[in-house]
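Both complexes shown next keep chain A, but they swap its partner, so chain B is in the first and chain C is in the second.
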Partner chain A sequence: MTTTLTRRDALMVMGGSAVGLMLSPLPWKLLDDVAIRTQNHPWAVPAPRGRQTSRLTRCSLCPAGCALRARSVNGRPFALAPVPGDLASRGTACALGLAAAQLAYHPDRLTGPVRRLGPEWMTARVPVAPIGAVHLVSRWLRETQRAAGAEAVAVLDGWPGRERSLRYRRFLASLGGGTYVAAPDEGAFLGRFSGLLDPHPGPLGADLERAGTVLSFGAPPLLPRSAAERGLTLIHAGPRRPAQAALADLWLPIRPGTEATLALALAFLLLETPGSGRLANLVAEEREPLLALLARFTPEAAAATTGLAPAAIRQAALRLRAAGPAVALAGIDAAAGPLAPGDEIAIALLGVTLGSVGRVGGILPRAGLPGASDGCERVPVRDLHTVPDGSIHLLLLDGADPGLALPWSLVAPKLAPGARLVSFAPYLSGMATRADLIVPAPAPLEGLAEIPGSPVLAQAALGVAAPLLSPPPGCREPGEFLAAVAAATGLPEIEAAPVESRLRRWVEAIHRAGRGTVIRAGGGEASELSALASAADLWDLLLAGGRWIDASATPPRLLPALRLAPGLLALVAAAAGGQRRARPGEVLLVPIGIRGAVGTGSLPPALAKLCRESDLWPAAGDAFVHPDTASALRLRDGREAVLVTTAGSGRARVRIDRGAMPGVAFVAVGPGAAEFGATPGAREESLLRLCVPDAAGIWRVAPATLQEV
Partner chain B sequence: MSRLRSILPPLLGLLLGLAAGWAAFPYLLYEHEAQPLSFSHAAHAGETLGLGCEDCHGFEPDGTFIGVPPIEQCAACHEEAIGDSADEAILVRDYVQPRREVAWRVYSREPDNAYFPHVVHVRGAGIACQRCHGEHGSTATLRPFQRNRVSGYGRDIWGERISGIATSASDGKKMSDCLRCHATEDVAASCQDCHR
Partner chain C sequence: MSTAAASNSRYGMAIDLDRCTGCGACMVACAVENNVPVPPPEAGERKGITLLRVYRAENGRPFPEAETAHLPIGCQHCGEEPPCVTVCPQNAVEVDPETGIVGQIPARCLGCRYCMAACPYHARYFNWWDPAWPAGMEQALNPDIAPRMRGVVEKCNFCHGRLQAAKAKAAAEGRSELKPDEYVPACVEACPARAIRFGDLADSSSEVARLAREPRAFRLLARLGTEPSVVYLSDRDWVRRLGDAAGPALGESHG
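So, the complex of A and B:
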């Protein structure tokens, strides 16, 4: 008997095999293993075999400086956890800090200098030897000095007030006076406030340790844990309740751009009877015009502008009066940036009428860090918008990322045609993607870093993040790199000592000053600094995650008064009366974002992945609109829409949100979780580019159209 | 006859599929890696020398699990060879004297995204090592380590059987095994207990 195998038989065998395989563990086991394999990313911190150890340190990603316990294997950290016993952070740390162990393994991490060959749109970069980078910057420096003078050399410092900041200023001073530009930070408002007071009190800080109430505009400050536990009342005024204000005792949902109106209305109510003699003690000049201005901002008038009920404004004023001392602060939104100068002056005026300036629990002169005086007065600190357009020929970009947005459209006009950009960012992301040369600095956990404390607080503080990893050999501290550039250029010698020796000098100065308290990360009560026998003991304590906090600030003998120079009242009046309104068919675009996820740096990859896959945070490109607004503009939830402003257009995903204010599109910006995984340096710019900074460098609100695709 | 003829091809295919899925697949899925040395737990533990698990796989004072003991611990007894086995001679020559750590393949090494606190289970809950590791502590030699070619995990994580059905309480160290034990013992478990 012969058997002929037919095609039908072959197909039957294959079909049977398929059924057989389906009845075996192969499909689901393979699926399971492949799923596991796809979760293993190159950025995942390798957990090498070996003995586990742990040490205490502090997070250096923002001024909060939370205590962290770093778990390591063979000296390599792979996990960070908060420290419950720490008096400063009280066992908390944000998601960014907890995932920071991955930052050293980020796919965008640069391990040595790289240079872009060709125009700005080119993403390809070639490695440069460290010494080659020094000579290249030296050559650009000489060319710039010859062509446009020392003023045309600028440093944009992402996080002013650090030891590295002093080095930048010393470098610029060695040139004979370059341009030192500070990126907007939380302390900027109090700096400007100080400039409005007479006699000039010097640097100011808010005595939140002893304050009764904080009224925050823009974004709430980083509140000391002790203040929150003591029962400090937090009132927040803003169009959207930011994450930090989730625990606010009272939220005043005002329309975008009406902060000055609310501040003036509250000042009106606090003065009770405008025209009384009390104002004479508070305001040095322009009292009558000020009274005339305040009289226009009755609660009823302000309610029409801000969208609040008059009763809500009165209630807020009552709470400010009842739970003193109260301070009013203009914060900086992570995505929307600082408030307009007119808003800030109105808030300063409110602060003065609260009677908290120069008093315990209010706004007090802030003693700086002992030993950290810069001695660089020849190079003043400038705001970016005060730099003339087209004046910068060589821009050195600090790589620090305090987590706040800085639109490129604010920087670009300041650059001369053909200007050179050098970045010290550890990653090829954010502004570094525009740089001609990147000389990467050590990433978080790789270098010794100081954490100077929030510039909003009246008490200075210092923590130190000990290096837990060795940086790649091609990475270099910017200060040391600039010292090498200065030497190669023949500039007066600037100190090239390592960071550690310079920070130790700060610590010695603090110990000599002998004031303040120290806390240990591992727990225990705060103790007096004077109890430490030597500066070396203080250094060891800081390296082990401790923190020094200055003594409480003391009120000045002479209470300062507000000096409103001519023209400032007009600025306030314009800010209070000229808020932007959307025309029919338009929305007001307000950028939003989470601090740390909107800056120029890189997100820890696991966090980016979590954001992308979970919607835990607003994903970059999401536009949140009220159902009424969506209905009026015929927008549907989840659909793609085109967002158009005078600066251009971009695609956004519509998210219908009852919490959004009608007529406003809250657009999430940032280096975006959604973009994670794209080719480094080739990511789309965030929708922040649609917000055009005005002459004062403010980009908070922009009229826009939003149309479904 | 013709009916049998028509059934035979799909039946053959079915058997081939089952054989591939149940027998060939596990063989191909796991690669076998020999341990660098043979080691007799039986010669060290139990009645022979009287060592307990924690004498070598102990804890730091802060509760950190030592896991595989460092070579220093082996050196405490094996600075010189005290027996006549070839493996001990290699241990002394290649590892103890140059103080080089042995690259043991750890059968039950947890995945990188999970953290198993031994101290909580052993000291806190009083669970015997055998509950999860079976009779590994009394074996006379070390079996080859089987690494999953796709996921990279050791075979002990999934369990001996490719079906994933446990043959004993110590078979398998998957998340579902942990959760089952927690449910049995009525102990709460949350994501961050292990994934952090």
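So, the complex of A and C:
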């Protein structure tokens, strides 16, 4: 018998084999092996191996100073987490703080001094030896002194009140009196409030630990966690609800620039209450004109200006009365900055009407940090807008970034032609990109840093962030750099001691004062400072993430009264009546942003990712407008538009937002996450440059046109 | 509350949407804990890996009645036949019977992305690129989590590395059960508003189980019967209705 193999048979065998192979484990195993193999590319980044450690510290990115647990591998911190047992922060930390361990690796990070080649528009920079940087600044210093005197040397301090701030002032004092400028911070309102009171009570603070209600105009202060847990009522007044007020009990959506009107209307309603004669007792001068002014601000009149319903204003006044003690505060917005002086005075007047001055749970005298007295009276603290235009020849820019914006348009007019800029920023970003020379300071976690408490609070506080990483060898603490400059210039010697020894002196002074409480980051109850045997114990406790909090302020025996000079009353009247309105075809530009993402610093990689891949944080360059406003201006969602103000023009992306106030364009400012990792210094400038500062240095609102490209 | 990783445990979350402020701390903590890299600029907003993604939703009312809610959405750890498990040809997705956690095993993953198509919650992400970090930062990654390569799918696994670490610690101390709060995912630990609670849903006395029984609790796409282990809470009707909404109601542009 012969077997004949036909073509059909051959095809059947081949087909059957193919089907059989598919049913066998062989191809799947092959795929599996290929899949496994692709997981082991030789260029794959392996997770680091080594000894893991954990320690407690404090976040040094803002005055909240939250307790953090840092986990490290081989001595490098890789993750930060809040500490649940910490009595101060109550186990909370913000997104920026949680990603702070990545800041040292930011692509913008500078590892040594760099100098710009050529004029301001050039971005090329060359490394400079540390000693070369000292001699360069020394030469610029001598030239400036010869040409324009010591006053022409200025320091712009990004975070006043730190030990580093004292060093700046001592350096300027050694010149014979330079110009020390403090960037706007949360304490500015209470400083102005204090200046209005007679007798002058000195520094003030809000006793939020014991307050019942906080009415915040602008961004609310960093509330003590204990107050929030206690059920403190937060009322926020502003055109947009900022992130800090996301859980506010009541939001009063007022038109931009009408804060003074609302404050005066609330004061009027509070005084209307029978038996409320507090104003007569607490206002020293100009009482009658003030009452006449207040009489103009009935709820109905204020409603027309603020855009609120009269009933809403009355309801707010009722809540202020009901859940006392109440405090009215003027906050500072991360992007829009402080309120105008007239607004702040009107809010101070409301505070007086509420009876919060000198009362527990109100506004109280604030004792300073023991040991932190500066002894630098020759160099007073100045606001930037008080510095004459064109008067600064050498500007030293502090690199600290407390997370608040400062428009370059506020700084630029103060510079003389050809002025030199030296920055101490750790990153090549923000204002540092304009500097002729950058001498990078240690980045967060790289240096020992103190964290003074919020200047808004009535109790001073101090925490210490321990260094968890070694800074690159080219980085230098600004105080030590300036001491070297002083020595090279032949100035009277200023102390060059390292940060630790200077902070230890503060801690010794606190221990000597013997007041207040200390809390340990790891948990447990707060204990009296006096229970600590020595300053060394206090230092160790702080270095382990502890915090010292001053004793609760006590009300003064003599209640100060508000003294309103005629000029100030006119300022209030102007602020309350001078609402900025947009003309037809225009919008009001209001800058917005999240604290920490609008300042001069750089975003950590994980946060840049969040900004890029979600819209939780407003993306820099987005303009949020109401649908009606968009319709009137023929704007479409997602399209590019040109934004024009008297300061210039820029491109923005239109975002139609039903929650935006009609007639207003809320423009997100700050470093754009989209440019993360782009060539340092080559980024587009923030739209903050379109905000126009007025004579008082306020840039909150600007009329603008918005036209689709 | 017992958070023991014993048999019949079912770990889950209760997320209070009325407390969530959309601060993003959970997303950042998740990315840091799990060594999630920043994708290259050409990635756009949809190709990055966000094991936990907070979506923004609006009530659709005009100013000033407009309200916003933030919905943190990660893997829902479906309790009933998770769709991703069913479709995976590689057995790269497995449900841990001890914990109820739906785990992803990158070493087995083929990158076919069937699971991404099957997941009704869009909670899975594909690695389009090899992971890369700024210079020097690779030395500061979480040593307990291996970076994943391009070509595999990943998702939230309730920080499984933390569970293993907690178990190892308990074993080293001679314990068979975990202490309360000994194991919590990074997002839970990071939430400053205490909006995310974590625990054993199978333990009726646990806080998370109690919250899941509240009238204001709801699950996403409950009609599909996937029985997620993530429960959301809200007093607001319009927020609760989001649970049954299709993707666009959350706002594709708001992701």
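By our rule, the second predicted complex is superposed on the first by the 656 of 709 C-alpha atoms of A that agree within 3 Å, B and C clash if a C-alpha of one lies under 4 Å from a C-alpha of the other, contacts with A are read in each partner's own complex, and residues count from 1 in each chain.
Simple rule for what comes next: contacts are C-beta pairs under 8 Å (C-beta built on N, C-alpha and C of every residue); 3 or more make two chains touch, one makes a residue touch a chain.
Just so it is clear, the structure is predicted and the values come from calculations on it, not from any experiment.
Asks: In the overlay, answer first, second, both or neither for which of chain B and chain C A:Ala99 touches.
Replies: So A:Ala99 only meets chain C here.
Asks: Counting residues of chain A touched by each partner, does chain B or chain C come out ahead?
Replies: Of the two chains, more chain A residues are contacted by C.
Asks: So, A:Ala18: does it touch chain B (first), chain C (second), both, or neither?
Replies: A:Ala18: touches chain B, not chain C.
Asks: Would you sort A:Thr4 into first (chain B), second (chain C), both or neither based on which partner it touches?
Replies: Neither partner.
Asks: By the touch definition at the top of the document, which applies to A:Ala79: first (chain B), second (chain C), both, or neither?
Replies: A:Ala79: touches chain B and chain C.
Asks: According to the stated criteria, A:Asp615 is in contact with first (chain B), second (chain C), both, or neither; which is it?
Replies: It touches chain C, and chain B stays clear.
Asks: Using the superposition on chain A described above, determine whether A:Asp33 touches chain B (first), chain C (second), both, or neither.
Replies: Touch status of A:Asp33: first partner only.
Asks: Report for A:Ser501: first if it touches chain B alone, second if chain C alone, otherwise both or neither.
Replies: In the superposed model, A:Ser501 contacts neither chain B nor chain C.
Asks: On the A-aligned overlay, A:Ser54 touches which partner chain: chain B = first, chain C = second, or both, or neither?
Replies: The answer is first: A:Ser54 touches chain B but not chain C.
Asks: Which chain A residues come up in both lists, the one for chain B and the one for chain C?
Replies: 32, 36, 39, 44-47, 49-50, 52, 78-79, 81
Asks: Which residues, counting only chain A, touch chain C once they are in their complex?
Replies: The touching residues are 31-32, 35-36, 38-39, 41, 43-50, 52, 71, 73-74, 76-82, 91-95, 98-99, 101-102, 104-107, 243, 246-247, 251, 253, 605-610, 612-617, 626-627, 637-638, 658-662, 674-678.
Asks: Which positions of chain B touch chain A when the two form their complex?
Replies: Residues of chain B touching chain A: 5, 9-22, 25, 29, 62, 64-68, 70, 101, 103, 106, 109, 111-113, 115, 148, 150-153, 158, 162-164, 196.
Asks: Can you tell me which positions in chain A touch chain B when the two form their complex?
Replies: Touch list, chain A to chain B: 3, 8-10, 12-26, 29-30, 32-34, 36-37, 39-40, 44-47, 49-54, 78-79, 81.
Asks: Spell out the residues on chain C that touch chain A in their complex, using ranges where they run on.
Replies: That would be residues 19, 21-25, 27-29, 31-33, 35-39, 41, 45-46, 48, 50, 53-56, 58, 60-64, 66-68, 70, 90, 106-111, 130-149, 151-152, 186, 189-190, 192-193, 253-255 of chain C.
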